Amino acid sequence: MVDLSVNIGDLNLKNPVMTASGTFGYGVEYQDFIDINSLGGIIVKGTTGSPREGNPYPRMAETPQGMLNAVGLQNKGVDAFINEIWPKIRTFDTNIIVNVSGSTIEEYVETAEKLALVPDIVGIELNISCPNVKEGGMAFGTSCSSARQVTRAVRNVFPRHLMVKLSPNVTDIVEIAKEVEDAGADSISLVNTFLGMAIDAETRRPLLSTITGGLSGPCIKPIALRMVWQVADAVKVPVVGMGGISSASDAIEFLLAGASAIQVGTANFINPSISQEIVNGIADYLVRHNFNSVTELIGALELD
Amino acid sequence: MPKKFIEDFVILENKRQTSEFVILTLQHPTNLPKIYPGQFAEIKVEGSPNTFLRRPLSIHDVDYQNNTIKLLVQEVGEGTRRLAAMKPGESLNLIYPLGTYYSLPSSNKVLLVGGGCGVAPLLFLGRFLHENGIKPRFLIGAKSSAQLVELDEYRKLGEVFITTEDGSAGTKGFVIHHPIMKTYKPDFDWIYTCGPEAMMKVIAKYALKRNLNCEVSLENMMACGIGACLCCITPTIEGNKCTCTDGPVFNSKYLKW
Amino acid sequence: MVDLSVNIGDLNLKNPVMTASGTFGYGVEYQDFIDINSLGGIIVKGTTGSPREGNPYPRMAETPQGMLNAVGLQNKGVDAFINEIWPKIRTFDTNIIVNVSGSTIEEYVETAEKLALVPDIVGIELNISCPNVKEGGMAFGTSCSSARQVTRAVRNVFPRHLMVKLSPNVTDIVEIAKEVEDAGADSISLVNTFLGMAIDAETRRPLLSTITGGLSGPCIKPIALRMVWQVADAVKVPVVGMGGISSASDAIEFLLAGASAIQVGTANFINPSISQEIVNGIADYLVRHNFNSVTELIGALELD
Amino acid sequence: MPKKFIEDFVILENKRQTSEFVILTLQHPTNLPKIYPGQFAEIKVEGSPNTFLRRPLSIHDVDYQNNTIKLLVQEVGEGTRRLAAMKPGESLNLIYPLGTYYSLPSSNKVLLVGGGCGVAPLLFLGRFLHENGIKPRFLIGAKSSAQLVELDEYRKLGEVFITTEDGSAGTKGFVIHHPIMKTYKPDFDWIYTCGPEAMMKVIAKYALKRNLNCEVSLENMMACGIGACLCCITPTIEGNKCTCTDGPVFNSKYLKW
C-alpha cells in the first residue's frame, strides 16, 4: 500500500487533497457524492465577523475554461458558524479548516479569537485575497505591509494552525509570501482568484453585478502553478497549492512544483466527486511509478 | 433532503418540436429515484469546448416504468445547441434530482401558467396533479403558434388555454391578457408558473393582489446546482436564498419582487 | 455603410483590428489566408538591437484554452529588419508597427533610433513586458520607475507614434499606465502574456526549456479585459486592447471596455483568417445594432 | 512557396488498423492542390475541449483522381483519440499543404526507413518515387508485429524489410540492426527517414559516416504550422530554423545532431 499522508506543519492529512473555500460549502452539500472522510481536509466557506448578504445577483459568469464569481463572502457570520454550523460538521473525520475573511484587521482578529475558543477547530485559513468585497479582502494580500500586519495580528490570537491564503494579483508573490511566513504563518495557500471581468457584447453590459469578479478554473492553472513553484522555492513553511486543479495529474503537477497539499475548487462544481477521484488517481500514479509515499513527489520536479 | 445522484443516462430519442425546441428522452439503466415536478438536473455537456459549467434543465417528464426522463431543450447558446444535436445512443451525465418542487395544492382548482421554455416542468407537474386527482388547467403563452410544443400532451391532462403575441393561435397578447385571468376563484385559486421572469412577476403580482397561492420557478444562472457556490441567489424576505436548493420553486410571496 | 475607422493618436486605422506581435510573423506568413491590407494594422515580431537565437526547444506548451510560449525574442536584429525585411513588407497598405524589445535601456534606444531613420515606419510598440528573456523585458514593465525611464528614453529618440505595451504581471496596472503616459507614450497597448508554467506529470519535467513562459489565449481574456477597462478609465491616451481575442464578439467587449483598437494574437494560430473575420463581424454587429461608426462602441459599456 | 489553404474536408472512411492506428480518408469537394511527400496539414480537432491548438499530421497518401487524402493517425492523447473516433460524413478543417518535402533523389537506389507513426509520410513518398521511375525499398520498424500497418500497400511499390523489437516479425531489434544496413552502396545511397527522433538520429549518424544522402522529417511541437510563432525550431548549422516551414524535412547534415 502506498502512503498518501502528508503533514502541513502540525496538521496531519490522510492525503494531500483538500477542497477550496467557497467551492465546497460546509462539506455536507457533497455528502451524497463522496465520503467526506476520505479527504485530506476541507476548507469551509469564508467566514466573517458579522453576517453578510454578499453581492447582488448576477454573481457568476462562465469564461473559457473558467468562471468569474462575485459572491462577496455571503455567510452567516462567525457566531452562527460556531453555534449552528460547526456542531453539524465537527464529526467529520477530516481536517476542517475555517476560512476567515474580513474588511478590517479588527474583524479578522475578532473572528479568529472566537474560533480560537472552539478547541476542536484545528486551523484557520486567513483569506487576505478575496477580490469580491469593497473594503479589505484582496487589499490585504497585495501589499507586503498589510499582509504582515493582518497575519501577525491574527497569529497573536489564534494558537493553532494558521494557513494564510495569498492573492495572485501581485507583481511579486514571493515577497508577500516571505512577509507572511515571517509574521508567523504555519503554512501558505495559494492562489485565490484573479480579478477579471466579463461583458455581454449584445447587451453591452457587464455580466456581473459588481462589474469585476474573481476568475477560477483550469484557465488559471498555468499561472497558479508558476506561483506555487516560486513560493515553495522561497519559503520554509509548507505550501498548499490550488488554481484550476481538475484531475489527479493536475494535482501531481502542483505537488511536483513544491506544494505539500492541494485544494480542489471550481472542479467540484462540474464533478462533485472529483476530490475523491483525485485521491484515488494520486494513489494509482504512485503505484504506477513505484513510489512508496506521496511525500516523494513534493518538490520533485526534475530540472537539468 | 432526498438523496442526489451523479449518473450517466443514455439518449433514447431526440424529437425535434420546432426550430428552437427538442425533447430528449433519456434512459437510466436501473430504477429511477423519486423525482418531483419542478426539480431539475445539472447536465454535463460533452464535446462543446466553450461549455465549461454544467447546464441546469428542468425534468420535463418522468416514466418510472421505463426508467426514462424527458428534457425539453430550447436552443439559446452553445450548450443547449449541442444538447439538441445529441443522437440516440450517446450518453449524458446528470446530477439529479435537484431543488425544491411544486407543492401539492390544498385546493383542486389550479392553473399552470407557462411561457417559452418555462413550460418544461409543467407537463410533469400536470401529470403529477392529475395522478393525485386534481385536474389542472394550462395557460400557455408563446410568441407565435410556431413556438407551441406538445399541446396534445397537456390536453390529455386538462384544459389548455393559449395566448400568442402575434395572435397566430389562441388569444392575442400575453398570458395575463387571457380571459381566464378574470375568472380566478371560481375557476382557480392556486397558480403554478414558470417562464420568463417578467411574465412570472406579472403573474405573482396578480396572485398577490387577489390572495391566490402562487408558486414560481426561477431560472437563475447556476454554477454548482447543489448549494455550494452561492452564485444563484435570489433576494427573499428572509435574505438571499439559493435558487438551486431553496428553489427553483418558491412561493412568490417570499420573493422580493 | 458603417464606418469602421478609428484613430489612435495620429495613426488612422481602417478598422480597429490589428494583429499582435509574435503571432503574425511579418504579415507575409498570412498572405495566403487573408488580404493583409484589410486589417487596421499589424505589429511585427519583437525586434532587438542585435540578432537573437531565442530560447532552446521546447518553446511551447498547450494549456486549457491557451498556450505558453518561451520563444524569447528570436529575431534577426534591427539592421536585418530594416535592410532585409522592411523592403518586403513596406508596401502593405496598412499600419505596420514595429515591436521593439531589449535587455537594456541602451538597446531599446539604439533600436528605436535606427527605426526612426526609416521615415515610412509609422510607429513602434515598445515591449516592456516580455516574460521570456533573462534580462530586461518584463522587468521594465513591472516597476513604475523603469517603465517611465525606458519610455522617456525612447520617446526622446523616436518622433513618430510610440505605443507602449504593458505587462499584466503587476499588482496595479493603472499605476504603470499612468507613468508611461506621463513619460510620453502616444498610446498604450495591453496585455502581454502572463508568466505561467507547465509540467508533464508523467515525466516530472517542465514542458518548456525555460521552465516558465508566457500564457496567452482565451484563458486570459477575463483578466485582460478587466485591465483594459481599468487603464482606459485612468489614462487619456488611446488604449489598444488584447488578450485572448478570438471572435468579433470578444473584440467588441474590449472596445466597450474602452479600447480604441484591439490586437488579435494566439487566435491567428488556430484560424489564420480570424483577423479578417473579426473585421467583418464588427461591421455586422454595427449594422445589426444600428450604429454608424465603430467609435460609438469605444468605452460604451453600460453601467447602472 | 506554394500556396496554402484552409479548407473543410469530409471524412469518407475511418479504417482501424491496430489498437493504436487508424487511417482516415478525407475528401475535398474540388480539385486538390499539388501536394508533395513529406508535407503535412494542421488539423482543427472539434469537440475535444482540451485540444486548443491544431494538430500537425503528415499527408499519408493523396489521390488526385478522387480528391482524397489519407491520414495515418496514432492515438497518443486527447486530440488524436478524437480524430481516430471520427465518423464518415463528419467534416475536418485543414490548413495544408505545409512545409518542405522529400527531394527527388539523384540516385535510384533509395531506402525509406520508418518507425512508429513515422511511417505516415513514407507511403506517399514511396508512391511518388515509384511514379518517377524509382523503385523504393522500405525498412519499417515497430515494437511488435501488432504495430505494423499497411504492409501490402508498401509491397505494391517496392521491397519491404521489417524489424520488430520483440522479434514477432522480421528481424529482431531496431531498424539499424537490419542486415540491409550493411549493404548500402550497392543497395542504396539515398535514405529517407521518419520516426522517433532517437531512431532518426542513429540513421542520420549512420548516413553521415558513409556519406549517404539522408533526409529526415521532424515532429516538433507546433503552434501555428506556418512560420509565424517560432515555437517549433530546431538548431541547424545555419541557426534556429522553423520545423514547420524550413522543415519538417531536412537534409540531416544541416541539423545540429
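By written order: A, B, C and D. Residues from 1 in each chain.
Simple rule for what comes next: a contact is a pair of C-beta atoms (placed from the backbone, for glycine too) under 8 Å apart; a residue touches a chain by one contact, two chains touch by 3 or more.
Going by UniProt, the chains are A, C = Dihydroorotate dehydrogenase; B, D = Dihydroorotate oxidase B, electron transfer subunit.
Values in this document were obtained by computation on a predicted structure and should not be read as measured data.
Visitor: Chains shared as neighbours by chain B and chain D?
Guide: Common neighbours, chain B/chain D: none found.
Visitor: Report the inter-centroid distance (CA atoms only) between chain A (Dihydroorotate dehydrogenase) and chain C (Dihydroorotate dehydrogenase) in whole Å.
Guide: Distance between chain centres, rounded to whole Å: 34 Å.
Visitor: Using mean C-alpha positions as chain centres, tell me how far chain B is from chain C (Dihydroorotate dehydrogenase) in Å, no decimals.
Guide: 47
Visitor: Approximately how many whole Å separate the CA-defined centres of chain A (Dihydroorotate dehydrogenase) and chain B?
Guide: 36
Visitor: For chain D, which residues are shared contacts with two or more other chains?
Guide: If we look for residues of chain D contacting two or more partner chains, we find 49.
Visitor: Among all residues of chain C (Dihydroorotate dehydrogenase), which ones touch two or more of the remaining chains?
Guide: Chain C (Dihydroorotate dehydrogenase), residues with two or more chain partners: 63-66, 217.
Visitor: What graph shape do the protein chains here make by touch: line, ring, star, complete or other?
Guide: Here the contact pattern is a ring, one closed loop where every chain has two partners.
Visitor: Output every touching chain pair, sorted by label.
Guide: So the chains that touch one another pair up as A-B, A-C, B-D, C-D.
Visitor: Which positions of chain D touch chain C (Dihydroorotate dehydrogenase) when the two form their complex?
Guide: It is residues 3-6, 44, 50-54, 95, 220-235, 239-240 of chain D that touch chain C (Dihydroorotate dehydrogenase).
Visitor: Which part of chain B faces chain D closely enough to touch in the complex?
Guide: Chain B reaches chain D through residues 47-49.
Visitor: Where on chain A (Dihydroorotate dehydrogenase) does chain B make contact in their complex?
Guide: 22-25, 29-30, 32-33, 45, 53-54, 56-67, 69, 71, 74, 217, 266, 268-273
Visitor: If we count contacts the way the header does, which residues on chain C (Dihydroorotate dehydrogenase) are in touch with chain A (Dihydroorotate dehydrogenase) in the complex?
Guide: 63-66, 68, 142-143, 169-172, 194-199, 201-206, 211-212, 215, 217-223, 225-226, 229, 244, 249-250, 252-253, 256-257, 285, 300-303
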